[in-house]
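Each chain carries a letter (A, B, C and D) given by its place in the written order, and its residues are counted from 1.
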């Protein structure tokens, strides 16, 4: 978090991982963000790295992310690779004292996530966790209104996440995705902590109800998790892969003097009315819903590094959201409530 | 408006006209209204009159409305016959000093409507004009909010009326219906006066755009009328017979510090969401939309008569709404603005 | 269920209990329902019984409900008294072979509810359980669409019930109300069974989060219950007493090819838009929301008795919804999942 | 429209005018658009031109727009200056054979707008008129659905434009703004032509109803214009400066088999529900509503020039929309309908 970044007109960012989301980050870093230069990209697919660099006028491209990290021209790093690689790459970046942004989830295991936490503390290097919903203007507005006291004391947190179709079976495999409650739920568990604080106990139920073929890889397609926060307040999260009508993300904070809801499902503001029917369209998928949040999140990272500010989403946020998600997964598998202290001990 | 009505537990009402709306009034008068007894019905169709009386336990039925009006057991009269008969029936009722409710429009010609006005003044008998929208809880709430100052001073009145399909050609014939701007528009012109006061000038355009067969009877199926009120404020009304998606009635008052809208188009509170689509149903037709307003309107009439109160919708309201509708019709036909003084003079 | 009822023009109904809801039923039975005569009322408050009878032209009033039940002029009985009296009154009515409608919940204990079930079977007498939401046009439309296959197979049931304020502490006392999960939840548990079938396991969490004074009587003000149905499908119900913005009841069925939502929170169809704000009002409380459902439910009861039809909501529906509510209460108290077989055994 | 543009990786654009909208265009041209380089800016305020160039890494800045136009490094020109300068600048650019984009309205007088049309035809140079609503995803989707036949034949066009507050009196002065019906209405008149074709007759009423101080500069703050299209179909447009609740732009096409509405007024997708109130926020002003449309419009211009495509919005569109707006202004002033042939003759 050296002050010298602030003196630069533009922060030179290296981006590791050029998959679907990596491409969006590459575009944002190269053209949409102020005070930013996409100085290098890296991907294990050499052609993809070269092609992306050429298209976006990026000076350097690498196959080996270590080479990117060693490049002294790189001021800061964005990690956007498959989850199982986050831990090693983040630690490598931190050890080189490169300010680092890491896409969610932090890791698949609590042990791995805590290793990153150790590296952050050991190296004293800036680390920002990627939970883009916090940067969505809707969620940000809701947070602001709750903090202003618009609903009194929030007593119940409700959140729903729905994908419009199931992922590939390869992706869904809990060995790589962490399973439904980690892969999809991590965002809702992070929001739960952001709005309400730490979770004490988790209960969960789930099932493979819409896509029986997912049983082959061992994942469920629907789950409901209930949370009791440390102070006794309540939460409930429902997740589904069969939100076939569209991508639907909504959250509610019920308080003692009101309630606030955030979320929308219409894509275009048109209403088609025909015989006995009023029809709207829906949001197709996550990029249509959260494109702006992704951009705002990266801009925030760049400014935090340039201006030597502390990260608004920390490595601890990454660890604790994962801890709840892992506990929920266990609760769902055993049919028994899981107290978070137990989860922490078992996960460590 | 004799005080002796107030002493009766129930007002004995005679209903003239048992068509579509008459049946609804018969049901309301016989079972839904407090302090009311449907004491007689009359219809030129003797079988219909008898059958309705039998079904609803109505003591007497008549073919001749004059016989009903002469019946001393009848305390008050509801007229719900075809428009061209309103004038004579209303005058006959008023001359017998029967408190009278008359369905809209008051008449097809200004001369006929003013003859009723003369009879009201001459006989000093209670007369209430039927404009049921004023009794709709939505419109009533809007009126109350406007009067509380919720939108500052209203400066523009906007209203839309849409039928879900065209009427029969027989019904649509301007000789009996008065044409689109009278038949449908009378409600909106009444609302315009209720919210904004008297109209100074009317412009209108129209066409037979969706149902070419209506040209045969000489009526249009779409029209737009603009109003300049006496104090210079503005209004606009659009009417259509091809609101094919459902029955859609909505009104807006735009003020100096806000705006208020009244209207809805959903029939049941269900939302069906399927692949890339969110669908609601619509209100089929006027009875589904205004059933409660009709009931509240008749209850108000009964209470006004029983408690010797003045009518909230007067014969003048019936005359003046018709005056604007007739002026709009002329404006539409000539393509020229019509000043209401001219209309009044010409109509008289 | 004797066929002779069908031959009567009107069913003579005796109403027991003239509290808040009893007054609504009295009005509906005396004036809004076809083929019905409110022939007698009974209430332990003699003045209330007399006054109500006088106002509504009811021929007879009683203090002792047994006297009403013994009256041979009474064809059928509606029970609308405090819950703890339902069991004895229902059994007394059934033993006299009077077709009976009983307001929800059937009883506070499973044992009492099963005693009513025994009486129904023993006497072979018509018995209809009151769950008015099934008669709400919105819920009925949702049910019809689900059965038509509009959403494929429903896999998750979600339901929310919110009161606009807490009940009196006297009412809230679980000894008389059954506690939040019985008193409020019974409707949602009934809907869960109606849409999805039998429940296998219940989990629940709850707390006294908004009204600390409710701890004095031992009730909670917020709860979340998750259900696993016998075939593995899922459900979640959240209940609150602090829906301070209005009375909010909504339900969703998420299916394999779509989702359907039922519920609304706007009372009047007006929209007030002022500086940077669009505001609507809300439904104040249950009677504004479900008035029509109550009327339709009683009309259905009358027709079922007159036409010798079987009841659409049976005593078993009353027993089983209570069984789930009692199990949810236990799950909430113990923090452990409750399997319904266990609940049934323990409750018996 | 020389093909050599297509061979360049990036189009070098010169931007003339750095006011409020000019700043947005500068940002888009310098960072958000593909295949684009903002090569020069010009503004009569030399400091503003220099400062903007420095901030956005623009190689050259000018005070004299003629110097920018003479710069051989400039491939294409964007004109975003006050309306009264559009004509001369556009003609100067066209005479230098620079492909030109001109912000709306094309001019204040029909004569000036037609001079630009002459220059386009004389020089054979690419000219694209700026009507950004056509590039709004909502309007574009509506247009597509109408063309697919989703509503049958559109028979009535309705459009509403509302500013959240009045402009400065200096801006509002009709001598520079053209008056309400030109300044605000031009967008709606363009949409009317886009969806429905040419206009035959215009009627209009208006008044200074909310901001009496506007009378001093001779402008009105509310107006309603009705249109009869050449084939007899109908349109209505209402405009206000006192949409004090927010910036509200909506349009409806009513057809023979349905209707389509485009527009929205909520800014963030949050709903705040407190005692008897459901509240949303509103769109503050035009940039929040149409930011994306502006970006898409400029990207479209760049691609059209690069790929040698014809402009989707032509100089004729600019002229004809102005012709209707001028006719509406006259109709409003005279209280008489204006036939467009007359307007054209008078305006020429």
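Methods note: contacts are C-beta pairs under 8 Å (C-beta built on N, C-alpha and C of every residue); 3 or more make two chains touch, one makes a residue touch a chain.
Keep in mind that this is a model prediction, so the values were computed, not measured.
**Student:** Using C-alpha centroids, which chain lies at the maximum separation from subunit A?
**Tutor:** Chain centre farthest from subunit A's centre: B.
**Student:** Could you let me know which interface, B-D or B-C, is made of more C-beta pairs in contact?
**Tutor:** If we tally the C-beta pairs in contact for B-C and B-D, the bigger total goes to B-D.
**Student:** Between subunit B and subunit C, what's the gap in Å when you average each chain's C-alpha atoms?
**Tutor:** Going by mean C-alpha positions, subunit B sits 39 Å from subunit C.
**Student:** Taking each chain's centre as the mean of its CA atoms, how far is subunit B from subunit D in angstrom?
**Tutor:** So the centre of subunit B lies 43 Å away from the centre of subunit D.
**Student:** Where does subunit C touch two or more other chains at once, residue-wise?
**Tutor:** Only 244-245, 257-259, 273-275, 281 qualify.
**Student:** Can you check the complex and tell me which residues of subunit A touch subunit D?
**Tutor:** Against subunit D, the touching part of subunit A is residues 31-32, 137-138, 141-142, 145, 150-151, 257-264, 268-275, 281.
**Student:** Under the touch definition given earlier, write down the residues of subunit B that touch subunit A in their complex.
**Tutor:** Listed in rising order, the residues are 244-246, 265-266, 273-282, 284.
**Student:** In their shared complex, at which residues does subunit D touch subunit B?
**Tutor:** 153, 155-156, 158, 201, 203, 205-207, 209-210, 222-224, 226-228, 232-234, 236, 238, 240, 242-245, 254-259, 335-337
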